[in-house]
Structures are given as structure tokens and as C-alpha cells.
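Chain lettering (A, B, C, D and E) follows the sequence in which the chains are written, and residue indices restart at 1 in each chain.
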């Protein structure tokens, strides 16, 4: 048994526990360095993880994948975690208690995501999922002086538990039909069985519901606006990108590897859900007045776009998902970094309070605009390239209608994104005081903006990685 | 065997239903314990002795105590009318019933790949072996998960000093 | 020199063009220099034009069939080649001479007339621009070049009518002129396009060869070609002020008088006639078109003359007279005589510009007060103006031996000949009589004005008229000389006269029709006498006459209310349509777009309400979704159409 | 190919924008100078290119793409950073640079505040437009195409203005413009993606190279659908009736420079794409849709011209007039023969310079008087004679006066249209636009510039200083290309020839197959 | 003869009763209790499959044990959250938890 394959995960655990212990040992006033410590640790792990490309091995009898696909998603998660922890320092400090634990929980959530993206077997998958989710329950309810935070936590917990219940039920049915929980073996068993049995129909729908909850696909999306709004903003950011991306990784592995024989059925299912998700996400985002809520709906819509890559059910589609997922990390965290620093300064998340932000802090305004437009898929920002990858993977499979819906709605989404830009650029600020942005957050802002622009203009580097990831899944 | 099954089934489901229907949250908790025990009995029928033991220890023991503590912390005095239905109970009923039907139809119409072999009499050994070899990753993850839950529960339940 | 002129005729329009640029870009602040440049340029052009004319005459009728042509490609693409160049033949040579002469005279005249005007330089710049355009039009070897300069003269006309743009009336008149002629140009451009499409060329010579045998080259029917000719004729109708697009020309008198003389009497307005003359072969090939041209011309001639009788402004009367005379020219062309049309064009240019300049002299003296009823007795105060104006009047009235006599008789003659032709004989007979009546009316209204202005006693003593300065008198004299003797070149007794050079087809020596000569002379003299009787001798009160024929007088005085009709049409129909469409654009086209946007917004706010904040509602939706999806998945056969809709449409 | 001159042209404004970022925002004069210099460099380079191409490729009959640059960009998609100019794109590039350079010196009263942001966005905008015209790779084309939308939005909402005659705000105008164009581009993008995949299937390797795509014979059905989607996108941008309603509002709302660029060049991307991509790659589909385009084109011309008559806001007059003029372009496109296409392309150029001058002058007057409402104005030639000259030249060019740039293109367009028997009636109707054009334009000229002096405008200053630049430069081009149209037409002809040849070849092939389309 | 199907139907029904409780009850703790029933039902499934489908291979048991562990963790966190929110709103009625909406 080669445990070196698990280096990344082990390192992450050690980091988390190390920080936890250090946090307990040092006095309260000195704990504010812990955030940076976590960031540096995660960054090192991220750096190390590049060495794991091309291994394409499994550990524990096919139960745990260490392939390029999982590495890619782990890197995605690590990038998200690095950015979030770097950006969150001011916000967390303002939140008050348990400074160190916040970062520890974040790392644990990241660990859960990593396990999820590597899982080659249902039990591992389930535990990864739950580690991630339970960490998020805690993080969501972390803001002790804000009752909304607890409400979001309880909502997330109850709904999350229901959804994992139904996911489990689905998993159990698949296990019952195939007698195995290993994904690759499931495929073999199902291939022997041939036609689709009722249990598999129900099982698949339950799995769709379970994963659909995590990626917030309509009609399983309803928790996300409330939770996104109520959760502390760094958590929202991490939740929006990390949990979604990891769930997509697991979903892709389960459906593409385990159920390729039923792809006709689940593709149809996903196509319908994707269309609904895109439409409803974008439409409801329009009347929002709270920026976190607006971003929540927009992130629902984003999930819809990413689902198109799943529908393709081939390497091109996975490449699209991987590519889009990564740039979505930058766009979303960029946007939420603006939001968290803005609210750390002003205490507000209302869009109308962003009036004149362009003059109070040009950087915040510029980053928010760029990130939002990237989500809308406006060239030359990365979102455009991402959408191109996604939509080009399904257009020749007869899903032109979905492509048109996707593109139309993404252009319509510009309406509410630009409404924010309008407030920031056109209106005069009510309060002229400048916005304080700590160096770490500034770095995050610059990184996200530069990467978003750079990947839009020159997507080649990321597309190489995404290709590796996609191809490793189908080797 | 048949009789035993039906008895256990009725007890389990009946107490589950009672748990749901009861308007006194404390009584509900008691019915829940009965249900858990019923499930433990079902495990025994399925030759899962270790599972049954875990069920009794964890569920009927630990989790029930958790829940009772929860109830005690959040309810003051009179326990009557503490566990009411909400306005949309009918809708919830319809959805649940639909799922019952779906499940039943699905179970009946599916050709399950049963082996027909006799089950092993002893499970603890194999479970232990599986846990420590093949399933060591989930095992470790579960450990971390419990740690997370521990820390988290402490952080969240801890009272904050009202500043300002 | 002659040879140089013939082969470098492109210099003739180029010189004024250079003058324009110099004045406009460099010498605008220096009025004297500007005028000097302008006059020099046009003088040089004139000299060249004279040499060209001599060269053409010396060559005999060689250039009639084989014009001297020099072209360069203007632009070219696969299947379309447009050239620019110079075509020298007797007709264009005649025009070059006439245009440059009148332009020169007007340039000189303006020295005095525009003296002291704020925008003196600009005036000379525009005059030079106009000279360039008009000369360019004249020498055009193809229809497109003609159209190009045609539009440019239109522009100059616009700029010069609106020269005093701070006057409300001037700005409106300029606009009206441009738009009205534009309406005609729509037809001209359309006709040109149709010719280009059907014949593949716009070259006048080539067209001249192809059109008579058009059935060989195209699949046009006679009717089709007639339609093209008629459409093309819309251009001349607009530019040459034919009915019903004549309305702009009287208003154009808002421009400075030299401009009226040059552009709206002698040169630009005859461009339409010239164009028809240039493309007469097209009209001749289809007799219907000829009859159309003739009728429009004849009708306009009479129509304008009836209006001119009652007008009270010198320039207005002259303007209607111009319209009428242009109709005459059209009539001649419509009767098939290039000679007749061009001859009258030639002579008319001199005496009409003479009269306009004379009128300008009067206006100048009368502080630009236009009402003739305030004048009177100017004879003594301004003798040169008086005598030269008289010469003009006699010329236009067609009294022997003045220029108008010969050209007018030529027209009557050809119309009479046409009335003996094979087709439309009745129409031409009618037109002949209309022309004859017009001739009488012309003499009458001209002398009416003449007597009112120059004879009798001054009616308004507040004016102190004075004779024009030399710069203004000199052109009057020169032009009156041409008005007296200009007709001789086309006189019947000249062996190789005007008709020998300017003709279409074989040369016929002009015959003398004594009947026409006598009748027209008697009518003219009679009309002059009548005018004298009413306005000179005041034997009959003109007011009483007006009272007696009140309805007729009113209609004539109000120009048949055509302006009012147009205004009504424009303000109600055209603008009304515009307003209606704008309403449509805002409410329907925009409305649909905004509606879609608003629908999305409303839908968004409705869907938003689904999010009630109650977590069990969310859970219900979640599980209901699961139930529905299971049902769909289990009851829908993926091969069936309903579901393949989701995944099978390409 | 030595010096990457096209990249240099493209980069010059971008460098200007980057420099501007580091200039303190109080130094608005320096920022403007930087913008002016960098766009001027681009302009000069483009003029040199134009001359070189004209003498070495057009006159010699070589034609084709020159000054090409190919750098592999995204390998797995087959995207190549592929630039080049031919007789079609070069006039468009020149147009962009003329207007880009002059727009820097246009005047709008609102720009004085926050000048730094304004010029940075303007330079980005100019670069985007340029890139579209010189991209030979569809992906790069699209990338540049959409780059321009957002800067325009921001510029409209910050420096724009509402209208007195129509109940619109600048926010509305900007949003409408943006969303409209983006919705159009959604279809365009969908069509492009599908075409790309289809082509990849046929060729075996993915490519966006327009020339390579044009070698493929797509099925008739495919062409019809894809061209339809594309045409929707492009004609939205070209403001074809009934998809035009963003355009007058947008122009009215935008600051002068944006109106100039938008009406002058940005719109032309629609026509450019329609011809370069639609007609060239999907000729059979184009043939199918041509009659509909022709009908809408006629509607464009007449409908918009009539609406112009009812306008009392200067910018709306010019806005609707530009809608009207696009009808000419569309008729040329619909004619589908080389003459018509030549006319269409030349018309785009002509309308570009002409409308830029028009908007520049209107904007100047607006900036000076703070009013665009025609009844408020009048007699302005007293106070601002230079602006009046520019205005009149623009008006005359708009009316299609020969000797100015737009006459020959319009004539050519109509020759092309009349060549197609089925287009003759529409063309005749559209020709009335020439008359109506004169009516509304002259009315505006008369009511704004001429007439008695109004005392209230005596404080207004005439054009001076750097504001001379747009007037002079644009008039020079308007007159030069008007008097010597072959400078433009030869160029355009050489660029359009391959497209026209493809059209002829494809449609005859389709006719031979017996398929009636 | 009692077979797999019986157990499956039993577990399904138990699942739905739990679900009903979770969907229809106002008390947040009652909802948690319903959730526990759902997880129990899944466990019956897993154990039943291990008994009938993969006889001798106890994957299902292992799975079920992990589910129990997770359920315990979830209940712990859930109760903590309920206590936390109860402190603030003096209510465990989930219908009161609707500050976040629309």
C-alpha cells in the first residue's frame, strides 16, 4: 500500500490539526497570524500537488483515485481555499471569536472536498461529502453575533441532511443492484445487466437529487440563496466554489464511470434540469437587492452552465467542466472578496450601498465588474472561454436548443451584473470614506482579476490541465 | 420467522408513526427509542449482530440522549403541544405517500440479484478487517469528521459574551 | 492655343475649382484677393472656352458625329466602370462658351453688387464652385458624370440661395430648392441606374449608338424604354423647374441677384434642358416619351406665363418667366429638335441674365425693396439699366432682330413641323397654339413689369435711386450686345449656322416660315401695346381689371396654390407618416423589446416569491421534484417523441 | 513577415491605456494627449499599410491577405492568433483608426469629469473594434467583437445623457444597447460554435480559420439554420429593422466619442461579419435568407427616414438616419453580386466617416449649448461658423452628395441591387430614401444652423484648438474618397472578389444539384 | 417466506415516515428525529442488501456503520445549531426561521 499517494490529503490533515493545536497554545491576541499560516500551508500543498499529474493510479483496490482528474479538482479546491483564507482575514477578525478555528474548519472542509473528488467508491464518497458538508454547517453558523448565520446553518443542516439521506438511499439501491460500492465495478455489473431496472431508475434520480442539492440545480437549489446570504461571506465564497466543484467531480465520476450505459436517460434528465437551472437562476437573480443573494442565484445559473458539460458525457464535456470550474473559482472568489471587504468596512451587503464604489475604491469596483462579467461570459474574460468549452461539447449532440438557452440567458444575466456596475460607477457615493482593504485581500483581488483576464485572452495553460484531467477520466 | 418479521415491522413502523404523530416532543423521543430498537431487531433478523449492537449503543443510547438534552435545553416546563404539525403537513403527507408507493412499486418490479447463499453467522471479524484494510480511508475520514463535529458543536453551542 | 484648348478642356472646370479651394481655404479673410482670384479663374476659363468654340467651328461638323473625348477611369470594379472626362462637341462647346461668359459677367457684376457684404469672399468661393460644377456638367461624356455635377450645381444653388442664411426666408428657400430638385433627381438617378443595368454603360456616345437599336442589346420593350425615359425626365423636371416641381425656382430668388442671374436663369436651370438634349436620342427612340417631354414643356410654358402676369416682384416675374422659357425649350426638344431647344437655351441665357442683372441693379438702387409697385420712373435715374433692360424685354418678347426672335420662331417652327408628323399630331398642334399664346403672354408680362418699373412717376419718394457702378453696368452692356446679336448665328440666312453644329441627325437648312414670323411678331407687338396701354398709358386701371377677373387673378396671383398644396402634403402626409411611424417605433417595436425585458423582470419577481424562507417548503420542493423526476423517468420511454424533444433536436 | 505591424497597430492604443492608468487623474490633458498620440500612431501605420497594400496588392491584382501574423493560441481548440488584412478589412481598419483618432478629440461636456477612465475605456473600445476587422480567426474575431460592448455601457451610463423628446434615461439607453447586442451575439455565438464543431467533424481537426471554413461545403439545411442565427446576430448589430430600436436611443444616450465610434465603425462589424463570415462561409444559407434581408433593408431605409422627419432631437435624427443608411448596406448584401457587395462595403466606410463627422458636430454643438433639442437651437452658424461647415458637410454627405464619400457607394449598391431582377422593386422603394434623407437632413441643418441670430447662444464658443482635428481629418477623408472613389473602390473590389466568387460558385453548384433554394 | 423485498419495503416506508416527520413538523428537534429515521431506513437497506445480494461480503455493514457515525456527528452539530438559534429567537419552530428569504 503506497500511502505516498495520499500525501496531499495527509498534509492537509496535518496542517489543520497543527493549526488547531497552535491556536490552542498561543494567546488569543496572537492568533491573527493563523490565517496566513493556513494560507501558506495550503499554498505549499498546492505547489506540491503539481507533482502528482500523470500518476493516474488508484489506491486501496480502486477505491481511491489519484488521477489527473482528481488532482485537477484538488488543485481547484486548494486554489479556492488559498484565496478564501487569504481574503477572509479582515472579515474573520471582525466576526470576533474563534479566529483560528475558522481556518481550521475551512481546511477540513477542503479535505472533505478532496476526498470527494478522489473517491472511487461510495462509502469514501459519502464520508468525503459529509466531512465537507458538516464543516460547512459549522462554518455557516459561525457568525455568532448574527442570528441570520445560525438560521442559515440550521437550514443548511436540515436540508443537507435530507439530501444526503436521499443520496444515501440512492447509493444503497445502486449497491443493492450491483452488489458493489466501487464505481468502476458498478459499471461492469451494470453492463452485464443490460436494460435499466426500476431500482436503477429510482436510484439514479435519488443520486441526481443528492448531487443536485450540492451543486444547487433546480429544483434542489432552494437552500442556496438563504444559506449564501446568511453564511459569513468567506464561507459563502468557499461554499459556492469548493462544494460545488467537488460535488461536480463526484457526480461526473459516478455518472460517467458508473452509469455510461444509461447515459441516454440521465443526459436527458440533466438537460432538462440544466435548462431549468439556467433559466430560473438568472431570472430570479434579476430582482435581487442583496448582493450575496444575487450572487447566489447567479451561482445557481452557473451550475446550470456547468451541467451542460456533464450532459456531453465525453472528454470534451469534462474538460469544459474542469475549465469552467477553475475559472469560476477565480470569478466567484474575486466577487465575494469584494463583498466581504465591503461589508467588513460598511457592514452592508445591499447593492444600493455600493453606490459610488468606483470612486471610493476603484480596485474593488473593477474587480467586481470583471468577475461578474466573467460569470456572464463576456470576452475577453475567462468565462467566455469556459462557456465556449462547455457549449461546444454539446452543440453537435443535438443540444443546440440548450446552447441557445444557455447563451441567451447568460447574455440576459448581463442585465443584473451590469446593474451592479451601474450603481458602482454611475451613482455618487453617499459616504466618501475610503474602503480599507488589507494586503492579503488586495492580493486576492489582483490575482482573481488578472487570472480572469489572462485566462480569457490566453486560455491555453488552463486548457492543457483541463485536458489532462478530462482524458484521465476516460483512460 | 415470518411472524417475527411482521411483529417487528409493525412495532418499528408503528412506533415511528407514533413518533411523528405525537404532539408531545418528549413522547416522540420515547417512541423514537422504540423504533431504534425495532431496527436493531431487524438487523438481527438479517444476521447482522454487530450492527444490532451498534444500533442499540449509538442510536438508542447516545443519540437519544443527545436529543433529550436538546429537548430539555429548548423546552421549558410544559411539554404539551410542543411537537405540532405545520400548515403544509398535508402536502408533506402526499409527497411522502407518493414516495412510499414509488418505493414499493420499485421494489416489487425490480429483479434483485439475490445470491440465495446462507449468511455468515459472525460479522464482527470481517467488518473489522474491512474497516482496517480496504476502508481505511473512510475510516480515517470518519475520525476526522467526528473531530470536526466535536469542535464545531462546541464552537456553535458556546455562549457568546454580548459585546457592545 | 486652339489646339491646346481643345485637348485640355478639362482645365475649364478645373480653374474655378482651384479658385474655390484657394478662396475658401486661404484667402477668405481678404475679399479683394478673393474676387480677383475668382474673376481671373473664370476669365481664363472663358478664354479657353472661346478657343474651344473656335476650334469646334473651325472643324466644321466633324465633331458633331465624332466628339473629341478624353476620359479617365473614375472607379472600376468587376462589371461596372465609370469614367470621368471631357466630351467636346458643338453642343458642349456652345454651353462652355455661354456658361463661362455669363459666369464671368456675373462675377464682374458682383464686384459692385456684393460690395461690402460680410461674406464677400464666401460669395466668390461659391461662385467659383458653381462655375466648376456647371462647366463639369457641360463637358460630361457620360450620364453619371453629368449626375455628379448636376448634384453639385444643386449644392451650389442651395448654398447661394441660402447665402443670406440669417434670413428666415432665404434658409427656407434654399432648403426647398434642394429638396424639390432632389425629388426630381430621384427619377434621374433611377433612370440612370436602369440605363446602366440594361445597357451596361452610361457613356453618351455608346448609348447613342445602342438605344436606337435597343432591342438588340436588351430585352426591354418599347414601353419599358418609354418608362425609363419618363423616369429620367423627372430629373430635368426638377432641375429645370417644370411643372409640378417648379415651385422652388421663384423662391430661389431669395439668393443674391447675381446668383439668380447666373444659376437660376442662365445656367443651372437649363441643365435639365441640356440633359434632355444630350440624351435626346433616348426620347426620340420612343415617341411616347417625346410627347411627354413636349407636353410637359408646353404646359409649363403656358402655366408659368399665366402666373407671371400677376406677380409683383421683379425677380419673381423673371423667375416665372424663366420657368416658362424653360418649358419652351423642353417643348422644342419634345418636338424633336435639339437645335431649337439649344438655340433658345443659348439666347435665353443672355437676355435673361441681362434682365436679372438689370433687376439686380434696380434692387440695388431701391435698397432691395422688391415690390414693383413702389418703383416707377426709373428711366431717368438709371439709363443704362433702362436701355439694357429694354433690350432684354424685346429679346424675350421675340421682336426682330433681337436674339429671342430667332430662337422662339425656331421653336414654333419645329412644333408646327411636329404637328404634321406621324404620331401625336393632335397633341403637337395643341402645343403649338399653347406656345403661341405663351409668346404673347410673355411679351405682355415683361412689358407690364417694364412699364411699371421704369416709366411713369416714382411712386415711393423715399427711395433715391442711382445708376449702377461701372462694374455692374459693364456686364449689362456686354450681355445686351449678345442679346441683340446672339440670334443671328441661328438666323435662317446663315448657311452653316447654329443648327449646322448643334443638331441630332442630318442637317436641314432652316426654312423660313413667314406665317409664324408674322403671327408671332404681331402677337408680341400687340401684347407690348396692351401692356403699354394698361400700365404705361394707364388707359385702363389694372386694379379694375383685377377686380373684374377676381377669381382668375387670385388663382394666378397665388400661383394656383401649388405651394400650399405641397405644404399641406408635407406637413400632414409626410410628417404625419413620420410621426405615426415614430409612435409605432416607440410603442410597438420598442414596446415589444421592453415588454420582453419587463416580462423577464416580472417573472423573476414572481419566481422569487417561491423562496419563502421556510425550510420545509424547500424540502417539499426538493422531494416533490424527486417524485416528479422518478415519474417522468419511469413512464417516459426515452425513444418516444416527447422526451426525444429534450435530447434529440438538431 | 518581419515587423508585426498589425499587432503594433492593435497594441498602440492598449499601451496608451496602460500608460494612462499610471497618470494621476487630475492630469486630464496629458491623458488626452496620450490617447491622441497612440491612436495617431495607429492611424499613421494604417495609412501606410493602406498605401502599401493599394500599390502592391490591389494595383497588381494580387489581392488576398497581407501582413499576416499567425501564432497558435489555444491548441486544443485550434484557435490561432491570426491577423491579416485584405481589401475588405483594410478600409474598415482605416475607418476605425480615422474615427478612433478623431473621437479622442471630440467634445462632450460630461467627459471633463473623470477623464482618465473615459480615455482608458475609449482606447480599449478602439482596440476591440480594430481587432475584429483584422482577425482571420473566428474565435479571435468574436473575442474582439464582444470586448467593445461593456466599455460602451460604462461610458454611456457615466458620461451619457438622456433625451428631451423621448422618455429615456441614459441608464435605459445603455442597458438596452448592451443587452440587445449581447442577445444578438448569443445567437451568433451559438451559430459559431455549431459551425465550428461541424467543421471539425468534416475536416478532422478543429479550426476557426475563416478561409479554411469557407472551403467546406456545409449541407444546405445546416447553412440555412446557421446563417439565420448568424444573420440575426449581425443584423442586430447593424440595426436592421425591426431590431434597430437600441440604436437611436443608444446614440442619443452616449457621449460624443462613443456615438462616433458606435455609429461609425462598431455597427459596421455587423455588416463585415455578415459578408465575411455569413456570405463567405455559408453562401447557400445566405441565398436563402437574402429576400428577407432585402425586405427588411427597404424597411430600414424608408421607415427610419420617415421617423427622422418627426424627430426634434438632433441625436435622434442622426441616430435614425444611421439606421436608414444601414438599409443601403443591407440591400447591397442582399443583392449578393459583386457590385452590390462592393457597394455595401463601401457604404459602410462612407457612412462611417460621415456619421462620425455628424455625431462629432452634433456632439460639439450639444456640448457647447447643452441642448440637442432642435426648436431650442437656431442660427448657430452665427456663433460657430466652423462647426456649421462641418455640420453642413456631414449633412451633405449624409444626403449622398456626389463628390463626397457616400455617393459612389450608394450608386454602386443600387447598381448591384438592380442587377438582381427580384430586388428591383425593393431598390426603387429604397431609392426614395435618397429624397427623404435630404429632407430631414436639410431641415435639421436649417433649423439648427441657419436663421436669425439667437442671443442666448452668444456665449457659445466656436471650434478651436484640438477640436479642429475631427472636423479637418474627417472632412479630408470625406472629400478625398468622394473625389477619388477608386482609392476606396479598387481596394474594396479586390477584397470582395473572393467572396463574390464563392457565392457564384456555391449557388451555381447548388443549382446544378437540382436543389432549388 | 420473508425475503429481501419485505425488508426493502419496510425500510422504504420507514424512510418516508421519517421524511414525513421532517417535512411536516414544526419543532426543529422533531425534524432531526425524522432525519434519524431516514438514515436508519437506509441502514436497513444496506444491511439487507449485504444479507441477500452480497452474502458474505459485509460492505453494507461497513457502510451502515459509517452512516451511523455520520448521523451522530450530524445530530451533534444540528443540536448545537438549534441551541444557538434558540438562544437568539427563543423558539425552535422552524417556521420562525424565515428571516432569509426571497
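Keep this in mind: a contact is a pair of C-beta atoms (placed from the backbone, for glycine too) under 8 Å apart; a residue touches a chain by one contact, two chains touch by 3 or more.
Quantities reported herein were computed from a predicted structural model and do not represent experimental measurements.
Colleague: Count the smallest number of chain-to-chain hops linking chain D with chain E, moving only between touching chains.
Modeller: The fewest steps needed to get from chain D to chain E is 2.
Colleague: Farthest chain from chain C, going by the mean of C-alpha atoms per chain?
Modeller: B
Colleague: Would you mind checking which chain's mean C-alpha position lies nearest the centre of all protein C-alpha atoms?
Modeller: Nearest to the common C-alpha centre lies chain D.
Colleague: Would you indicate which pair of chains has the most C-beta pairs in contact?
Modeller: The largest set of C-beta contacts joins the chains B-E.
Colleague: Can you compute the centre-to-centre distance for chain A and chain D, using the mean CA position of each chain? Integer Å is fine.
Modeller: 41
Colleague: Averaging over Cα atoms per chain, report the distance between chain A and chain B in Å.
Modeller: 30
Colleague: Distance-wise, how many Å sit between the C-alpha centres of chain B and chain D, to the nearest whole number?
Modeller: About 69 Å separates the centre of chain B from that of chain D.
Colleague: Report the inter-centroid distance (CA atoms only) between chain A and chain C in whole Å.
Modeller: 75
Colleague: If you look at chain A, which of its residues touch at least two other chains?
Modeller: Within chain A, residues 123, 126-127, 130, 134, 137-138, 141, 144, 150, 153-155, 158, 162, 176, 179, 198, 201-202, 225-226, 400, 412, 415 contact more than one other chain.
Colleague: Among the residues of chain C, which ones contact at least 2 other chains?
Modeller: In chain C, 597, 608, 611, 613, 615-617, 619-620, 623-624, 626, 630 touch at least two other chains.
Colleague: Which chain B residues touch at least two other chains?
Modeller: 86, 88, 91-92, 95-96, 99, 102-103, 107, 112-113, 135, 138, 142, 145, 148-149, 152-153, 156
Colleague: State which pairs of chains touch, listing all of them.
Modeller: Taking the chains two at a time, the touching pairs are A-B, A-C, A-D, A-E, B-C, B-E, C-D, C-E.
Colleague: Under the stated contact criterion, what part of chain C meets chain B in this complex?
Modeller: Those residues of chain C that touch chain B are 616-617, 620, 623-624, 626-627, 630-631.
Colleague: Would you mind writing out the residues of chain E in touch with chain B in their complex?
Modeller: 1-10, 12-21, 23-27, 29-30, 32-34, 36-37, 40, 43-44, 47-48, 50-56, 58-59, 61-62, 64-66, 68-77, 79-84, 86-87, 92, 94-95
Colleague: Residues of chain B touching chain A in their complex?
Modeller: Chain B reaches chain A through residues 102-103, 105-107, 109-113, 133-138, 141-142, 144-145, 148-149, 151-153, 155-156, 160, 163.
Colleague: Which of the residues in chain A end up touching chain B in this complex?
Modeller: Listed in rising order, the residues are 6, 13, 20, 59-61, 63-64, 96-98, 101, 104-105, 108, 111-112, 115, 123-124, 126-128, 130-131, 134-135, 137-138, 141-142, 144-145, 150, 153, 176-179, 193, 197-199, 201-202.
Colleague: Tell me, which parts of chain B touch chain C in their complex?
Modeller: 86, 88, 91-92, 95-96, 98-99, 102
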